[in-house]
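First chain A sits with chain B, and in the next complex the same chain sits with chain C.
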Partner chain A sequence: MTDEPPDRFDVAVIGAGMAGMAAALFAAERGLSCIQVGNGGGILFASGLLDLLGVQPTAERRLWRSPYEALAALALDEPGHPLARVEVPSIRAAFETMVTCLGAAGLRYAPLGDSNRSVLTAIGTIKTTYGVPLSMVAGVEALNVRPPCLLVDFRGLREFSARQIAATLGDRWPGLRHRRIEFPGCEALPELYAAHLARALEIGETRARTIERLKPLLEDAHAVGLPAVLGLARVGEVHAAFEAGLGVPVFEIPTMPTSVPGLRLLAALESAVSARGVIRRHQATVRALAFDRDEGAATLDLEGVPGGERVVARAVVLATGRFTGRGLTADRGQVRESLLGLPVRQPVSRESWHQSDFLASSGHAINRAGLETDGAWRPLDASGKPVWPRLFAVGSILAHQDWMRSKCGSGLAIATAWAALDQVARQLGGNGAG
Partner chain B sequence: MKFPISIQTQVLIIGGGVTGTALARDLALRGIDCVLVEKEDINAGASGRNHGLLHSGARYVAGDRAAAMECRSEGEILKRVAAQTIQDTGGYFVAVQGDDERYIADFASHCSRSGITARAVDIGAARALEPALSERAIAVFEVADASIDPFRLSLESMAQARSLGARLMRRTGVVGFEREGRLIRAVRVRPPGGGDELRIEAAQVVNAAGAWAREVAQLAGTPIAMTYSKGTLLVTHTRLASRVVNRLRLPGNADIMMPGGTVSIVGTTSTRVDALDDVHPTAAEADLIVEEAARMLPALATMRYIRAYAGVRPLVGAPDAADGRAVSRGFALFDHEDQGLDNLATITGGKLTTCRLMAERVADLVCRRLGVSRPCITATTPLPVAPECGWTEPGRSPREWMRSHGPHDALLCECEMVPRSAVDTIYNALRAAGDTPTLTDLGLRSRVGKGACQGTFCAPRTVAHLYQRGDFQARRGLAEIVDFFGERWRGQRPVLWGEQLAQAELMEALHCGLFGEELRDEELQHAGMPDAPRAAPEPDPADGKPS
Partner chain C sequence: MSPAFFQSTLYASLALCALGLLWRVSAWFRVHIGPDARDVTFSRRVAAVFGGAASALFSLRVLRVLGTFVLDALFLRRLFANAKLRWLGHLLIVAGFTLLLLMHALAAVVSAKLLPGYQPTLYPYLLLRNLFGAMVLAGVALLLFGRWRQRRGLPQVRRPMDAAFVTLLATVLVAGFLLEGHKIASPRAFYRMAEQFSGTSDPAELKPLRAFWAREFGVAFGDLGESIDSNAVEEGRARHADACASCHSKPASAFISYPLSRALAQVTGILDSGRADIWLLYLHVLACFLGLGLLPFTRFFHAVAAPVSLLANAAARNRTQSVTVRASRRALALDACVRCGICDQQCSVAPLARYLGNPGLLPSHKLIATGELASGRILQSGHENDALRAADGAFLCTDCGRCTNYCPAGLDLEDLWIAARGDFAAEGLPAPAQWVQARPALAWAESMEVALAQHGFSDPDALFAPLSADRRSFSRCVQCQTCTNVCPVVAQGMDTEHGVDLTPQKVMNLLRLGLRDLTLGSRMVWDCATCYQCQEHCPEGVRVADIMYELRALAVHRLGSVRGLREPS
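And now, the complex of A and B:
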């Protein structure tokens, strides 16, 4: 550690999953200086689809056409659910801001409306979601109307079988055809990787050869569905070229993670926060976090940067996620919050963490474990008081939600980040860096 | 009323575990025609839910000398005739501070009285060879324990029996017996999918149903006294020792750790249970195993576990102690003649190590009753290697893959490196025998779903491949994935803490969060496509290749 005085920020965001990225983005949008610590590896597992709220109540498996009506139902059924604690106008503003920023970073979404949309998955199920990337949106229309449609896959891309999707839905969608082609230049490779294909399709010649291979297969197809490999940063250009070349709408179907849409989302978010001046320490982790009550500042000691680093922030947003994100850890006896040892609301014993049926309607109790916060998104200590006046918690580390079953992962991340940043801005009084 | 279809055979074997399959092979080698009915799949019961330990016999020297000697001689035979199913790892018996000094002192002489070699090993030397052993070890003996793959043993026994004419009927449960005087005229069975009952007319019937032998005997009207002891085992993420490590004491909880290829297997517990339905490992049993086994191998306290499983030991005799450990682990052969039947035999109890001998004894009885004088040759006849049966062996897939992979043989499972060709071989062999294989069947016969990800990625990949082959149609793949995870989940649930909890969360994020498998029907309804417009799906067109 050097002897130089530590850099000072308005906000330190710990975590770089969807919630951490949203918090950093919203902090910057509000003109707050921000440092973000942590890598965005979790986002690689994203599909690019932005769920808001699809199912409520989960135990009844009730799907909603409108996420806002679902939110109203959630507010009645589960007022303690983090999403139910965010005002609807804030949720709308948060999503609009998010997709606008992503669009500016090259990842464009279809306009958000009042409705959820249904999309195809790689295993032939249907998924209810909200924000849909432009490269996938023609699939929503195709699924609605079910015209003659062609699904194509590439031999060697193991997790995506057009035939599987067509067979799974074929009896309900008779015009759904499937074909398999060789990816140009990869005829001798046993295994193809989506990211490699996406990069290859950014090269004009490979793209043109692929389109030429698709053309004779079109026949009566009104739309063409492909695995999500239509370019990385240049998805807009690649997708447009496929539509122009084939003369019909083309849509991507997200593949198994880690997928190209995850890579795109991570790249777009990184670019969006960096462009807004957020200082990113994506290799670093927080070794220690201390709060100074007199100065009203938190000190973060980082490791994973050469020589270590100490920074000071006036507010801290904890967006460290759950078990895969390492925000929570569990031993045989109990669940702990990893960084500060904050109290975690949790089931009494491990025997009750999980249901005996993996897909049980009511979900696993441990998924609703997490941090309790006050109305201002501040995690509570054992006595039920905020741990520190400007320590906030957002995203999936929060208790009283099961995002995997409710289909609200992105919504939880984006909405709670927005709401917490409202509180941060209020507390910091709109001042610049200290 | 329809007249039920009848099948004729000389011997009907009920139960496809290690004993039933060994019996099918034994009889087939003696030229006897047999049919084996199994209500689930090969080794679905205790045969597939044990340590995979080929006992030297040393474990039983103090309490059950007969069982110890049987284990010794059978272990030696299997090492000769079924070498491909065995890893001759050797074993240690280890005592730690606080263990019974008297037992330790008597161990070597107990062993020698049973003809078992147990060599005292210097503790420092033992810890140099097996660094995972506790610093608190106070005595170590080396014995001839080995690891055996019970799936490969049963699959290859059955494969040879079938090559000699034996018939296997999987997913075929016994529903009743037709008796006439002192004979069973026919056994009624329900075929897969619950179709019309079939009658199997056999001159002799053998009940080799393991823990289910009591139910089968009851159906035949010849009750036997049995108790059930549930045993739970844990699978570690990485292998902790190269040898079998036994606790040097009277058999108790969590006192064996087996090498199982790339992993170690730790257990067991022993709990009396009254019913065979819904036997699954619990968190409390996992905790007991971790805590107790860590006294001998401290790293087990912090080890990542990927799975647990539980089996039910069939123990012959009346109920006694609560944990069932005092009941003999020897086997029992009932001829049922005193119960008024001359063509039924029940073989149960016993151990994996003695399965060949159990088959020999019952086959001898059956042959005597049939008037067949050909002797048993399984103690000297090598078990042939079958190409579709070796994929349960950890580490084989990567080897084969390195040797032979080409442009059209991608890996389906990356944890255990299972190539498409392995899945094809297994699938084709099942199909050739007239079966309709499931994803779970493939899991039982290969390493698919057995690695750290527990099928998160390889299950959908394998299903995609089966669609591509044209084997799966319509919505079958979804049902298979759901069944497969349902089955794997029972084993994961008790060990979900630490790293494996994060793995399970990822699995749920993918299969529920993204794929919405729990909503597979509701989402169809929601998308306005609740019913298929036609009864039959269109025939699948052939795959397109670029022109």
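And now, the complex of A and C:
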């Protein structure tokens, strides 16, 4: 560690998943200086679809056409659910800001409205979501109307089967055909990888050859569905070229994770956050976090940076996630918070973590474990008081939610990050700048 | 020593020195290093160097050359920046030796002309001679101390010729001091001088002078006994003033020889009767001449070559030079290298050199191997393994350029390494990536099994293979394929038939299955561009690229030890 005085920031965001990225983005949008620590690789498991709230209550698996009506129901059923604690105008503002920033970073979304949308998945099931990338939105239309359509896959791309999707949906969508083609230039390869195809399609010649192979297959198709490989950084350009070349709407279907849409989302978030001046330490982890009550600052010791690094921040946002993000750690006896050992709201004993029916739609008690916070998103210590006046927690580490079953992962991340940053700005005074 | 003998040996050694210099300097234009240098003829190289020197002389660059001469060649600025102790030692040796050469060795042409009334036995010349000699000795001691201090560090280049030359240098100095010390105490020398300058060598007649010289000048007369008559001393003082004082100051200022003479006083009779004054003189002078004659043939030729290299840098119009000039600079570099080892200490792959147990990776060793390859010695040695290890050393380099940046002699080592790699490849000594990939990964794994069964080959030290030996570093892998998806090397396989055999996530999976040896010869490991995309994207934080790089080092180590084994057929 060097002897230089540590760099000082208004906000330190710990975590680089969806919640950490949203928190860093919103901090920068508010003019706060921000450092973000953590690896964003978890975002690669995302599909690029931004859920807000799809299912409520989870036990009934009730799908909602409008996420805002679902939120109203959630507020009545589970007032302690983190999403129920964010005001609807804040949620709208948070989503608009996120989608605008992603669009500016090259990942454009269809305009957000009041409704959820139905999207095809790689295995032929239908997913309810809110924000849909432009390259996938023609699929929403097609799925609603179900005209004659063509699904195409590439031989060797194992994570996507047009035939399986058609087989699953066939009885409900009679005009859905499927075809398999060779990806140009890869005829000799036994196995293809989605990201490589996406890069190859950014080359005009490969794109043109692919379109030529698709044209004879079109017949009566009103739209064409392809695996999500239409470019990485230049998805808008590639998608437009396919639509122009084929003369019908073209839509991507997300492949199995980790997928190209996940890579695009990570790249767009990284570029949006960096472009706004957030300092990123994406290969580092926080080794120690200490709070100085007199100076009102937190000191973060980072490792994974050559020689180590120490930074000081006036506010800290904990966005370390649940178990896969390693914000929470479960051992045989109990669940712990990994960084500070904060008290975790959890079932009283290991026996009550899961109910006996593993696939029960109501989920398990352990899926709602997490941190308790006060009204200002500050995690509480054992005595029920905030651990530190400017330590905030956002995203899936929060208790009282089961985001996978509620289909609210992105919503939880984006909405709580927005609400917590409101509190950060308030605590740091004025606009918080300085 | 007769003047004729002195002169003939001097001229013989000068002639040897001149021939040696001519031979060594001509090598700068004769020796070919690098495939691109082979077509550059001797005459073109000479013309390029002299043309460049002339153009520098008649331009403003001459000022830069002068500045370099003073700061870099004389005062060793680059060495000062990197190794203070070595700089001090080196400066002491060079300054002490130069001053001794001018004031003492060349007394007849320098001191006698420049210093009025110069006599070697007068103050301050007695003091200065001791001081200069002490500087050289102290400098040698500092350099030896530096080597000793690093004895547990990186392996240092040692060659018998260099050690012999240092011994010769020490012989010159020690014999000189012994000669001076002996002559101070020697009655024989006293009588010879007395005979010459006061016309008598009768001990009785010389009694006062003897008394004075015994007390004040430390001559150890065996017959004088313990007590010296003070009247005789006073009388002797007057005689001394008449006959001796113009050439002799009191020797106490010779702070090395005088204490030495006190020690020798005990045995001065034996030394006198053994004519120590003659054979010490022969030893001193002949060692000087031998050193002079041999100098061009030892690494101390760097005294010529290193300044030439520094001045050539200063005279160059810009850093990029034509292959004609570089061809000569490479050969010059072989001579200008001082073996100081600063490059080794700065070398990025020094840890790998330790791990592989192959000092051939270190720049100073690599430079010698380069010279041996150019002269054909490395191939004639008959040790195939030596040549292979030298080739590994040449190729396992990251081209980071730190050796060039730190070289006190200002050598363009990067250019030398790149040229040497071409030579190794041309001689059929391939890079590790090539010899590893000449056999499939499975064949290597089988060879390793055979070796393990036959010789019980020791497992690599976890200290040097910390990632691949520790399952915590890859057990988090969930086989999500992100690394493969973002890998440009796998992607490159899309349009050639030379795709990789394994993908990064398969390499991680083999590690998880405990089949590390199967990965060592794989094309994925060896074609990895270490772009770090995989590592940056890995959602589980697995250090994929670091592991790939480590596997390569491990492969050179483990596969290198079985490369003699042919795969079982």
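Everything below uses one rule, namely that the second predicted complex is superposed on the first by the 425 of 434 C-alpha atoms of A that agree within 3 Å, B and C clash if a C-alpha of one lies under 4 Å from a C-alpha of the other, contacts with A are read in each partner's own complex, and residues count from 1 in each chain.
Everything below uses one rule, namely that contacts are C-beta pairs under 8 Å (C-beta built on N, C-alpha and C of every residue); 3 or more make two chains touch, one makes a residue touch a chain.
If you're wondering where the values come from, they're calculated on a predicted model, not measured in any experiment.
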- In the superposed model on chain A, is it clash or fit for chain B and chain C? fit
- Message: For A:Thr128 in the superposed arrangement: first (chain B), second (chain C), both or neither?
- Response: first
- Who contacts more of chain A, chain B or chain C? B
- Message: Which partner chains sit in contact with A:Ser356 here, chain B, chain C, both or neither? Use first/second/both/neither.
- Response: first
- Pick one for A:Ala167: touches chain B only (first), chain C only (second), both, or neither. first
- For A:His400, decide between first (touching chain B), second (touching chain C), both and neither. neither
- Task: Return first, second, both or neither, reflecting whether A:Pro254 touches chain B, chain C, both chains, or no partner chain.
- Result: first
- Query: Which partner does A:Leu263 contact after superposing on A: first (chain B), second (chain C), both, neither?
  - Reply: second
- Query: When the two structures are overlaid on chain A, which partner does A:Gln283 contact: first (chain B), second (chain C), both, or neither?
  - Reply: second
- Query: With the two structures laid over each other on chain A, which partner does A:Leu143 touch: chain B (first), chain C (second), both, or neither?
  - Reply: first
- Message: Just to be sure I read the superposition right, which of the two partners does A:Arg179 touch: chain B = first, chain C = second, or both, or neither?
- Response: first
- Query: Could you give the angle made at the Cα centre of chain A by the lines to the Cα centres of chain B and chain C, to the nearest 10°?
  - Reply: 90
- Rounded to whole Å, the nearest C-alpha atoms of chain B and chain C in the superposition sit apart by 6
- Dual-contact residues of chain A, meaning touching chain B and chain C, are 45, 188-189, 257
- Given the complex with chain C, which residues does chain A contribute to the contact? 39, 41-45, 185-186, 188-189, 192-196, 199-200, 257-258, 260, 263, 266, 282-283
- Item | Of all residues in chain B, those that touch chain A in their complex | 280, 282-284, 286-287, 290, 405-412, 457, 460-461, 463-465, 467-468, 472-475, 477-478, 481-482, 485-486, 489-490, 493, 496-498, 501-502, 504-506, 508-510, 512-520, 522-524, 526-529, 531-534, 536-538, 540-541, 543-547
- Would you tell me which residues of chain C are touching chain A in their complex? 480-482, 484-486, 490-491, 493-495, 497, 499, 503, 535-541
- Would you tell me which residues of chain A are touching chain B in their complex? 45, 47, 55, 61-63, 65, 118, 121-128, 143-144, 146, 156, 158-161, 163-164, 166-174, 177-182, 187-191, 213, 216-217, 254, 256-257, 322-324, 326, 329-332, 349-351, 353-354, 356-359, 361, 364, 366-367, 403-405, 407, 409
